[in-house]
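As written, the chain order gives the labels A, B, C and D, with residue 1 at the start of each chain.
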Amino acid sequence: MEHSVSVKDLSLNFGAVNVLQSMNLDIAPGEFLVLLGPSGCGKSTLLNCIAGLLDVSDGQIFISGKNVTWEEPKDRGIGMVFQSYALYPQMSVRKNLSFGLQVAGFKKEEIDKRIARASEMLQIEPLLDRKPANLSGGQRQRVAIGRALVRDVDVFLFDEPLSNLDAKLRSDLRVEIKRLHQRLKNTMIYVTHDQIEAMTLADRIAIMKSGVIQQLDAPNVIYNKPVNLFVAGFIGSPSMNFINGRFENGTVTLGGHNFDVSRYEFETGQGGTAQDVILGVRPEHVVIGPGVESQPCQFEAEIEIVEPMGAETVAWTKLAGETFTLRTNSETAPQTGQKIRIGFDPIRSSIFDAQSGTRI
Amino acid sequence: MARRRIKINPMALIGLTPMIATAVGVFVICIIYSIVLSFTNSRLLPNFEFIGFAQYERLWETPRWLISVRNIWLFGFFSIAFNMIFGYLLAVFMDQRIKQEDAFRTIFLYPFAMSLVVTGLVWQWIMDPNLGFQSAVRNMGFTDFRFSPLTNEATAIYGVIVAGIWNGVGVTMAILLAGLRGVDEEVWKAARVDGIPTWKTYLFITLPMMRGAFITAFVLQCVGVVRVYDLIIAMTQGGPGISTQMPAVFVIQHISGRSNVGLGMAAATMMLLPIIVLIAIQQYFAWRSRRRAAGIGAAVATLPQAQGVKAS
Amino acid sequence: MSGAAISTKPAAGAKVVVEPAGPKPRKLTITRIGVYAFLVISAIYFLLPLWVMLVTSFKTMPEIREGYLFNWPREFTFEPWIKAWATACTGRDCNGISPGFWNSVKITVPGVIVSITIAAINGYTLSYWKFRGSEIFFGILMFGAFVPYQVVIYPLIIFMREMGLFATLPGIIIVHTIFGMPILTLLFRNFFASLPEELFKAARIDGAGYWQIFFRIMLPMSVPIAIVAVILQVTGIWNDFLFGTVFAGRENMPMTVQLNNIVTTTTGTREYNVNMAATILAAAVPLAVYFISGKWFVRGIAAGAVKG
Amino acid sequence: MNRFVLVGAVSAAALLGSTAISNAASVEVMHWWTSGGEQAAVSVFAEEFEALESGHTWIDTAIAGGDASRSATLQRILGGDAPGAAQFNISRQFEELAEAGLLLDLTDLAEAEGWRDFIRPDAILDVCEFDGRIYCVPVNIHSWQWGWASVPAFEAAGLEVPTNLEDFVAAIPALQEAGIIPLAIGGEPWQHNGALGVTLMSVMGLEGHLRLYRDRDADYARSEEVARGLEIWREMTATIDDGAANRNWNDTTNLVITDQAALQIMGDWARGEFALAGLEAGVDYECLPGPSDDPYLDTGGDIFLFPKQNDPEVEAAQLEMASMMVNPRVQALFNNAKGSLPVRDDVDFSLADACMRKGLEILSNPDRVFQGAGFYMLEDDVQRLNDLWVEFSFNRDMSIEEAQERFANIIATAAE
């Protein structure tokens, strides 16, 4: 039971609306867990429940082995960083960092020590006597992180901390957070709707939908072996190609094409039964040009639209009457109207049950 | 944009005529006319025999006016202070996830829908010593109970204040509650995580954040206080004696019954003074903050978004 | 993970004592009691006058003289209401407060329509058809919002006399339009300023003129702010006393003025029950507006309050 | 042909209509007679006016309280919406209106009817005169200098009804002991002004009055007599009951009528209330002229002025109303209801009660009649005096010396 944070059978409903349903989640000490999902999936709600900012309807929450279900946020041993920074606007940065500690009755020396450490770590020493209104967004968020830092706790909670920043600052601060985690080795729970953030930061990602965790796994597993259509579609950009077909005897039939998928790793360990399926292929796993001949599955199609994106180019075509995108190096990109041969390897693709949408 | 500014659309001019007429006719010409009359010895009808500052000299020797001025400060100070404190307390308490919030809000705000005449009449009735609150409490057995502020000239003004607060505090509550609700919810969460007690959060964090709502409520109160007329007429007619006289009442009395328009207009001009001072101060701050913003502006280009909007 | 939740956990109630689970039990803390106590006491302070008005208006005079202000009437009588409405006297006029009611309607309805129409045009012009000087006039108007009425009332009497409008219905309507203009104009100006400018540009490109854009596009869009303005003006004009006494004249004396006359007039003894019934009647319209409009009313106040 | 007939018919109808209208006009009358006795009195005027052959209509605009009513009248005159007739007190208040030509000139009517011959005392009509023209109609004579005592109340305290204020002050402790309110007074400023003026007059007499207001002898304002008058006032008002605030004069009179209070100092119009309540002078209540053993009465009273209207028909009706108001029969009926004295002595006094007789007797001696301060001073200065007395009365911290000093200052600086 050496989990840092542990959620057991957690449910939350507002009236008749179930926001979270019998959720179970264990987080190891020092783990960086990202809660990812579209808005309204309950990821922030879950975080707020862990923080104690929302009262749960059912279930329990443990932090560092202690049942904190009924504890006040301040007694849970957590620090939290918010999307809007939530700095106290009338107080200087120093006061923002120290206010909670003063209220908790810490000695002045101790407070100063902690502020010094946190501000050194976040490089906000020059800002200590400024008011939040005179800081840039990135600076504000550093201060907000600092405020969580001085609490000297085991668990940090981040609620979409980078969403209000522009793209450049976002990637800078992302790295910063990662560095911070490596240095502090605290447990961190991080809520975001941005898959890049999730992929880059997380030890494990929990993908949520409608108050239910769909898949909880390391980023590469989630990327390569999504458990269902939702996860497969949510992760990756441009998103995975889905084509309806029929699986029988190691072959998937799509429109006029028969693809041999014997190389595919079935969840059951082997063959699988005959059924209607959806074949999922990531655009970046599609091969054209010289390497195409070595691919187990191949077909010919006409390129309809080409979107150059600098280093890469996305090309749009059709497979079995459905849109099929592929991503390729710009140097070898096809032309619009060009008929080319397209190939992919079933081992890198996903096959889902057409009815349930789960991976087979 | 630029083209629109320069070329005057004749239709726009026509559309704006009533406003221009009001602005110039009423708020410039009428005010100047009033000020000019204050330097004349006009009695009931306007005349233009100028007598310098004689009316002002007389005004500041007139006990009725001096009492009016004292009263407006007293009334202004107490009613605004109570209004703010009571209004903020109500707003804070309403913010505690009260089950019957709508019902309470309805109750606190309904007096504002009533006219000040109605307010004055009702409270006068409640404060009637023989048939009102005092006698009701005495009938319960507390025979020494006294509550008849309006019968005593030293306390009458406080009776008026009680009625005024009853009428207006709901508005202050509504404005401040809107201000409280406008405070970023995450600030509240942050404070809870920091372990800051609720009352401290209200006092040290949200209160300073609500400066805008407070200024709004305060300005609204100030304007109401300077204008107070109906309440006095309905409640005390300025009495007992002249103990609840107010500048607004003074002006009306002198332009009609007392037939001394010159003096009345001198008083009206004095009433205008605090408003002009208030506006001047406001303009000064607006100018200063513009200048400061221009100075810092370049350095912190990203500033004005989130924080700036919320704090203002 | 998802899947059917197999809840083997015993019911929360049984386990509460040992292990915290489920919602935090809501204790009725001292603070909580304090909060409610404060609100309830405040509510009593606010409701007391209404209660007193109501019960008094149904009591007989002998019962009132006993001095039990808060008690429910022993003997219910509607007499005071009938008297207040139809037969109470001021001087030799014994028509109750009903003529005042109709006068107030006559003043309020056109007053609201005229003042809001003009304010809407002002707001529209100031937002989209600015010209050199328009902002200056607007600034003066805003200054007017703070000017005590008493400063301009005397010149206005003279002015109205010269126009032959003193003590006429159009006269009092104009006065209400003038003094309602600053706040209403601000309201509409801010509202139109919040609309996307592209809307106006698109209409211009389509060749629509000043009035066309106003009537076809802007006016239909300003319904929400117009509702707020109507609430603001109905209560404001109905509750006005000062302008009513000075500018309305005998024939159009609004309800508040008549109420004050009835209440201050006594022949013999003061009839408190009639006075209270009359008071409730005078307050009925704005109260109805308030109770019906509910949240809109609050919005109106907030909107009216949002100024510099 | 047809057309001709039609035109003839229409013009005939128009002619008829116009003659009917030209005779009957509506005259709006503003006054502050709202108490029971006053209502009865004003009804006499209204009914008599409407009973005139020309079929005029009396439009009644009553506004409670003299100040409020006068204010409203002046506001409307200012705004060009003057009423057809308006009640005023005898004072110099309307001089400016006459000067500005806003008032209907009644001189021709007065001369034709010989007002100078029958209206007495002369001073009453003098007030209406400005630059040799007459601008108002006096309708009654009122004197402020009366005390109204409840006989049962004094009996309950085992006392005789006093005849002067010194005796009354001495009786206060006994009255209080018997649970009776010694002095009945309301919270309205004018009640205090008036009663305080009466108190001063009862102490200083006619000579002092003239020295102050006519001769503007500021030193007299600092005299012993004035000090004693203010002292008596302080003693009498030390025992005011809680209910005084917001009490009208007639509500106050009601306290004496119902024997809850011993004495009210109020003008003779209070008699109307006693009469309306069916009380008998000398038995149920006592009227005390002065209240002093050496009583003087002022001849204040109500006047009506007639703001000019631009309508000759209304003007004719105004003149008819003015004439009606001084008609001897109407004077008798009106003053009997009102409790005041008629402005002419050729009316039927058979209805006069004991109090009215007392008053008539005093008034018949010209040495006992005086003019109030408003006769000698402008309204503005009178109001300054009123303000002083009201402040003195309500602010018990103001010393008598201070009040006298301020009194002297107003007298010294009053406009001519």
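By our rule, contacts are C-beta pairs under 8 Å (C-beta built on N, C-alpha and C of every residue); 3 or more make two chains touch, one makes a residue touch a chain.
Note that the coordinates shown come from a computational prediction; the quantities given were computed from them, not determined experimentally.
Visitor: Tell me which chains count as touching both chain B and chain C.
Guide: Touching chain B as well as chain C, we find A, D.
Visitor: Among the chains, which one keeps its Cα centre farthest from the Cα centre of chain A?
Guide: D
Visitor: What is the distance, in whole Å, between the centres of chain C and chain D, each centre taken as the mean of its C-alpha atoms?
Guide: Distance between chain centres: 42 Å.
Visitor: How many angstrom lie between the CA centroids of chain A and chain D, rounded to a whole number?
Guide: Between these chains, centre-to-centre, one finds 92 Å.
Visitor: How many angstrom lie between the centres of chain A and chain C, each centre taken as the mean Cα position?
Guide: Taking the average C-alpha coordinate of chain A and of chain C, the gap between them is 52 Å.
Visitor: Where in chain A do residues touch two or more of the other chains?
Guide: Where chain A is concerned, no single residue meets two or more other chains.
Visitor: Which chain C residues reach two or more other chains?
Guide: Residues 157-158 of chain C touch two or more partner chains.
Visitor: List, in ascending order, every residue of chain B touching at least 2 other chains.
Guide: In chain B, the residues touching two or more other chains are 130, 252, 255.
Visitor: Sort the chain contact graph into one of these: line, ring, star, complete or other.
Guide: other
Visitor: Which chains touch which?
Guide: A-B, A-C, B-C, B-D, C-D
Visitor: Help me check something: in the complex, which residues belonging to chain D touch chain B?
Guide: Against chain B, chain D makes touches at 65, 67-68, 70-72, 74-75, 77-78, 93, 96-97, 100, 187-189, 192, 242-246, 379-380, 383-384, 387-388, 390-391, 393-395.
Visitor: Going by the contact rule at the top, pick out the chain A residues touching chain C in the complex.
Guide: Against chain C, chain A makes touches at 9, 21-22, 24, 55-60, 67-70, 212-216.
Visitor: Mind pulling up the chain C residues that touch chain B in the complex?
Guide: On the chain C side, the touching residues are 32, 35-36, 38-39, 42-43, 45-50, 52-53, 56, 64-70, 118, 121-122, 124-126, 128-132, 134, 137-138, 140-141, 143-159, 177-178, 181, 185, 209-211, 214, 235, 238-242, 256, 259-260, 263, 272, 275-276, 279, 282-283, 286-287, 289-291, 294, 297-298, 301-302, 305-308.
Visitor: Would you tell me which residues of chain B are touching chain A in their complex?
Guide: 184, 186-187, 189-197, 200, 204-205, 208-209, 296, 300, 302-303, 305-308, 310-311
Visitor: Which of the residues in chain C come into contact with chain A in the complex?
Guide: Going through chain C, the ones touching chain A are 1-2, 5, 7, 9, 12, 19-25.
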